[in-house]
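Below is the structure I would like to discuss, written out as structure tokens.
Which chain is which? They are A, B, C and D, in the order written, and residues in each are numbered from 1.
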Amino acid sequence: MIFRVFEKEELKKLVELLIAHNRVVGPVEAGKDSSGIPIYAFGEIFEFKDLRLNYTTTKLSAKKYFLPFKEELATFRMDTMNWQKEINYNVKSPLILFGLHPCDINALNKLDKVLIHSDYPMPYYLAKRKNTFIVGVNCEPQPSCFCRSMGTDTAMHGFDLFITDLGNRYFAEIHTDTAYNFLKHIKTTEPCEDDHVRYMKIVSERNKKFVTYVDTTDLMKILDMEFQSEVWKHWGDRCLACGTCSSVCPTCYCYGVEESVDIDLKRARKLKMLYSCNLIDFAEVAGGHNFRPERSTRLKYRYYHKHRGFVEAFEESLCVGCGRCGEACLAEIRVPDVINSVRSNGVRV
Amino acid sequence: MDGEVRTYLGVPLYRPKVAFFEFTSCEGCQLQILNNEVNLLDFFSLIEVVNFREVMTERSDDYEIAFVEGSITTDNEIKRLKRIRRQAKMLIAFGSCACFGGVNQLKNRFRDLDYVKREVYGEHPVESKKVRAIDEIVDVDLRIYGCPVRKEEVEKIVLHIALGKSLTVPKYPVCVECKANENICLFDLGEPCLGPITRAGCNAWCPTNRAGCWGCRGPAEDVNMEEMLRIMKGHGFSEETIMDRLECFGGFSPVKIPEESIR
Amino acid sequence: MRKTLNVNVKHLTRVEGHGNIRIKIRNGRLIEARWEVVETPRFFEVILKGKKWDNAPWITGRICGICSTGHTLASIRAVENAFGIVPDENTKRFRLLLKHMETLQSHTLHLCFLVLPDFMNAGSVFPLINSHRDVVIRAARIKKLANDLCDLIGGRSIHPPRLVVGGFTKLPDRRELQPFLQQLEQIEEDLMVFVELFRGFEIPDFVRETEFVSLKGEGEYPFIGGDLISSDGVHMKEQDYKKMTNEYVVEHSTSKWCRLSRESFAVGALARLNNNFEFLHPVAKDIARSFGLIPVTHNPFMNNIAQLVECVHVVRDSIRLLNEILDSEWKEQRQKVEPRSGVGVGAVEVPRGILYHCYEFDDKGRIVMADCVIPTGQNHANIQHDLEALAEEYATRGKCDSEIEVLASMLVRAYDPCISCSVH
Amino acid sequence: MISQLKLIDITKSSMAEKRVGDLSRFEYSYKAEIMSVYRLTEKETLYRIQIIDPEERRRFSFTPGQFVMLELPGIDEAPFSISSSPSIRGEIELCIRRVGNLTNFLARVKRGTIVGIRGPFGKGFPMEEMHGQNILLVAGGLGLAPLRSPIFYVIENRSRFEEVNIVYGTKSPDQLLFTYQYEMWQKDDINLNIIVEKPDKKWKGPVGLITDSLREILSGRDKEFYQNTYAIVCGPPVMFKFVCNMLNEFHIPMQKMFVSLERRMHCGMGKCCRCNVGSTYTCLKGPVFDYWTVMNLKEAI
């Protein structure tokens, strides 16, 4: 791996150069909540001052750039009994995603597993993933973060460049030649011993700031054991079945497909919409039979898919511990609480 | 264009004779149809409008589908509605007034209807009964929710009738669409919102405009009312604010609101 | 000369709401000419009792689907006046722009979809889709522009959710607004086609002197708030609207009627124009003059032309407003609302005339009393008297039943009545 | 100056790994033509569908038990089991019941209509494993549709199997599918046991539940028969619960009992998650499961 350091002012130069020629998105301030605390979101960066690299967590994840909430999979030009299918992977231009936290980079890595490195890769995702240049940035752990428990507090791959704020300057990990070439345009130097020391100090200080932990040992087995447990009913009674958790989650990718005909009957469209397993009709089939009619079974299924099924298939869980779902949930159903309750239910018996 | 039968994938389209009727309402839902400027001509080529008092003088009672807007407040309206039901193969309750009584049913809060009348008309006699939704009088085949209805939804339903596709409305709540529109949750902004319990389909019309949902489309399927009330109270909204929203359009009246949670 | 006449129109078409026309002439004498409003009331004034202030605009907007924006604005103004809130410049500009677009939208709907068929001997706009496609498409284009801008500013053209007491929940950003400037500039071409089209129509020649009531312009054509004036010289403050309207209950109508200096008065485009001609945009003024529309015009059918003139005026004024907005720095803001006890009145010129909302609040901001006086309600008496005069005049001129039925229907339609609204 | 990033051609990119080959491989769909439409009963119709492109037709093959996604543009897309012989390439038969949006529309289309086909997807029945064994095919109602493909396989490879029994039950005689083929099956030394719940006047066969027929066939056999029997079960969930319980009772090995599960599917490729049972993708790991796996699926079947 190649490392570089650069002065703080250089960052502005870099970002402005990137903005001048490319579509750049990153953390921006979308507004303030009722107590005046900024609310962050990923959005288009038009000027360097839009970018908020010291953001906490965005409400919605960056998955929208790879898995849009709504995406047209195909259009059909209709003829009498025939039709022509037109496919567009919906990549208009390459994208620079500036300022992704390690958890979100890991989330993309997890999505890669199921959407690229499995049977039937998803070209729509792949096309966007490949046309995105990712700059990671170190983060300040928040009370709701439990990424350390999920092993996703650092990102090993899945980005082009990763920058860490050393206080006086930026420390850069360069992963791709594109990143290397970009950095040629600003003043950088080889890191010196002092930079290494600073870097390690920052890392160890950061580690101390994690306050939320969840024990995932043997979680797969425990989930199986506690499949009939009453705790699910408890959480089901709280759940609003509004799908917010999946909507904000960086790794939830379930979807539904809907076909429509234009009102002039000349074209038909196939539309993909992200769906949530907590929604009432997620597992409903023709004739109205619903395999998961209760909120509790649907909520349980979400945990089951993330912490058991995905582990079975890919040897890691489908949760990066970003804490978004718990923060967005109006009923305050939080992953660590749910997992701990399932665990302690086992202990109690 | 008239006469010739159009097809889709070789299957002939059904071009129904359609009538629009309005009862006690603001006629905004009918207006939504006219507001569909871009697709207006295509829309009207899919159906044969035989009765639409708001825009046309010709009228005929030979129709198959009746769009019925508004709620029912007089005996005369009941008679007219029953006549429509007898004629129509398919009766569509069009908009929240027709589906649940709409804002009009707020009148029903007052037990003494004479008081209500006196307040406005003094001793002048005016007929006005308890406000009722269409399905309290006759059977309804389909409901198009919303105050007002969404033109895209109306268009889709008409197209589906023509094609013979299933007519469905979302069963999930508004929050789904709200999140897809990347909105900041109103609760974060300190505003009340009924999004988590209201039926989607409006594309989170109000939250997307940063205004909390008032539940005009009625309850989603599988509503967790107890939790919703707990959340509202937890965010510091008074019972009055919660009730104002829940009772505004009448959609939530059949959903049991736990007595102790509201106190 | 015909001596006996019978006109009976049940549920007049191409108007909003339900109304009947009955005319009976025996031996050349008018026995009866009646404008009956049979709409069922919804009792909004009672519904509001006990509700918190924030319900008022949301609920009363639903009085009318066509001018819901106007109702919402009047309601907001009433609440703001009661609580002593003064909207800032930005809010005012956006509200007026929204108001203009509602005017454009509503007038276009009325002129092109409801009135035009009368002049083209059609029962509705549907046959015109084939016979006069270009006209219909232009009308749709104007309406679309107006609705799109309403959608952008109000969040929805019907029952706008962004409009709240204290300002807006959200304002459009520059990138969203910018394209409308050009579109507004281009739409005048479509409007001019209508102006020329209407020039070719024969506007019925019928005059009955009446009193015209509207807001008083202060340096500009009036739309939101201000003093009240009449062409008979009455001048009053907004909060004294009751003395301007004098509502009373009548036998054959579920809507109340109004009077001022005479047995009836008129509100609407023609009233506004008669009272505020000087404030029209010069281009609009010229068009008005070219139709012989100068104050005080007493032919009610000319209300259609006045609407046409107002369309041109609001488009020109919207361009000015939009330029002003784009030149200013606007921030999304909403004033804090602090309820207090008191009474507030909001008077707004909506497409069909002057609209009043008035609420009284207790100290918690709950509504103790609500009153809404709707333009069409103020026009009913005038429509009635016009009908009588029209029936008599045309009967003596020897018109037959069907001709008078058409003329009577056209007369009522010329007022662009919003009947369900007037009953509310 | 920094230049604009270029759109990376996903077909050539360095990240393209073995499975991520050329672009055409991402397009899993074929255009196909409905060659014939044959009404089987009031509700079910048999469609013969042929892939249009000759090259694609040549490449298309499947194993019994696999399914395809059938798409009518603008209407809908849904999974259907292939109901024809696996030895015919590029042409399949689907037996489709009218139940909803897509299937109602399908009932109205005519021969010559072009449809989209994706697939074949899923795991089929392990037919080769079954060679040299007894076969028990149990179908309830529409369940005969997916069973028709293994039946074809068995007939075409009849000498490789020992005793073959078909047990088939429906509510009433008019719901019986493929009646015209019964004779042919029997000719190939297949025992056909048909039972209906509600007979009509013309019905002469047995009356009762499918388990009645099954018990009759299984009772009094020797242990070896049970150990060397493969069972394939298809039908509504209640039916196969009872059937599998009975098979269990007779000690047919769980790994030799196969069922085909039906779930909602929007992709058929292990992406949309709609078909998951517990956390298993029905479309990838199924729809055919052995009974042991089903028992381990956690979510009640």
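Quick note on the criterion: contacts are C-beta pairs under 8 Å (C-beta built on N, C-alpha and C of every residue); 3 or more make two chains touch, one makes a residue touch a chain.
The structure displayed is predicted, hence computed values, not measured ones.
Farthest chain from subunit B, judged by C-alpha centroids: D.
With B-D and A-B as the two chain pairs, more C-beta contacts join A-B. Averaging the CA coordinates per chain and comparing them to the mean over all protein CA atoms picks out B as nearest.
The centroid of the Cα atoms in subunit B and the matching centroid in subunit D are 43 Å apart. Distance from the subunit C centre to the subunit D centre is 65 Å, each centre being the mean of its Cα atoms. One simple way to say how far apart two chains are is to compare their mean CA positions; for subunit A and subunit C this gives 51 Å. Each chain gets one centre point, the mean of its Cα atoms, and the points for subunit A and subunit B are 37 Å apart. Contacts with at least two other chains are made by residues 8-10, 163 of subunit B. Each of residues 72-76, 100, 110, 112-113 in subunit D touches at least two other chains.
The residues of subunit A that reach two or more other chains are 78, 81, 83, 260-261, listed in rising order. This structure has the following touching chain pairs: A-B, A-D, B-C, B-D. Against subunit D, the residues of subunit B that register as touching in their complex are 8-11, 163-166. By the touch criterion stated above, subunit D contacts subunit A in their complex at residues 1-8, 10, 13, 15, 17, 19-20, 23, 26-29, 31, 71-78, 99-100, 103, 110, 112-114, 116, 262-264, 266-267, 269-274, 276-280, 284, 298-299. Those residues of subunit C whose C-beta lies close enough to touch subunit B in the complex are 11, 13-17, 40-43, 45-47, 49, 51-52, 54-55, 58-59, 62-66, 68, 109, 113-114, 117, 123-126, 129-130, 136, 140-141, 143-144, 147, 155-159, 161-162, 164, 169-170, 249, 254, 420-421. Those residues of subunit A lying in contact with subunit B across their complex are 30-31, 33-34, 39, 41, 59-60, 64, 69-70, 78, 80-81, 83, 237-244, 247-248, 260-261, 263-265, 273-274, 276, 279-281, 295, 328, 330-331.
On the subunit B side of its complex with subunit C, the touching residues are 1, 22-32, 34-35, 37-38, 40-41, 44, 49, 52-59, 73-74, 77, 102-104, 106-107, 109-110, 116-117, 119-122, 124, 126-128, 147-148, 205-206, 208-211, 214, 240-241, 244, 248.
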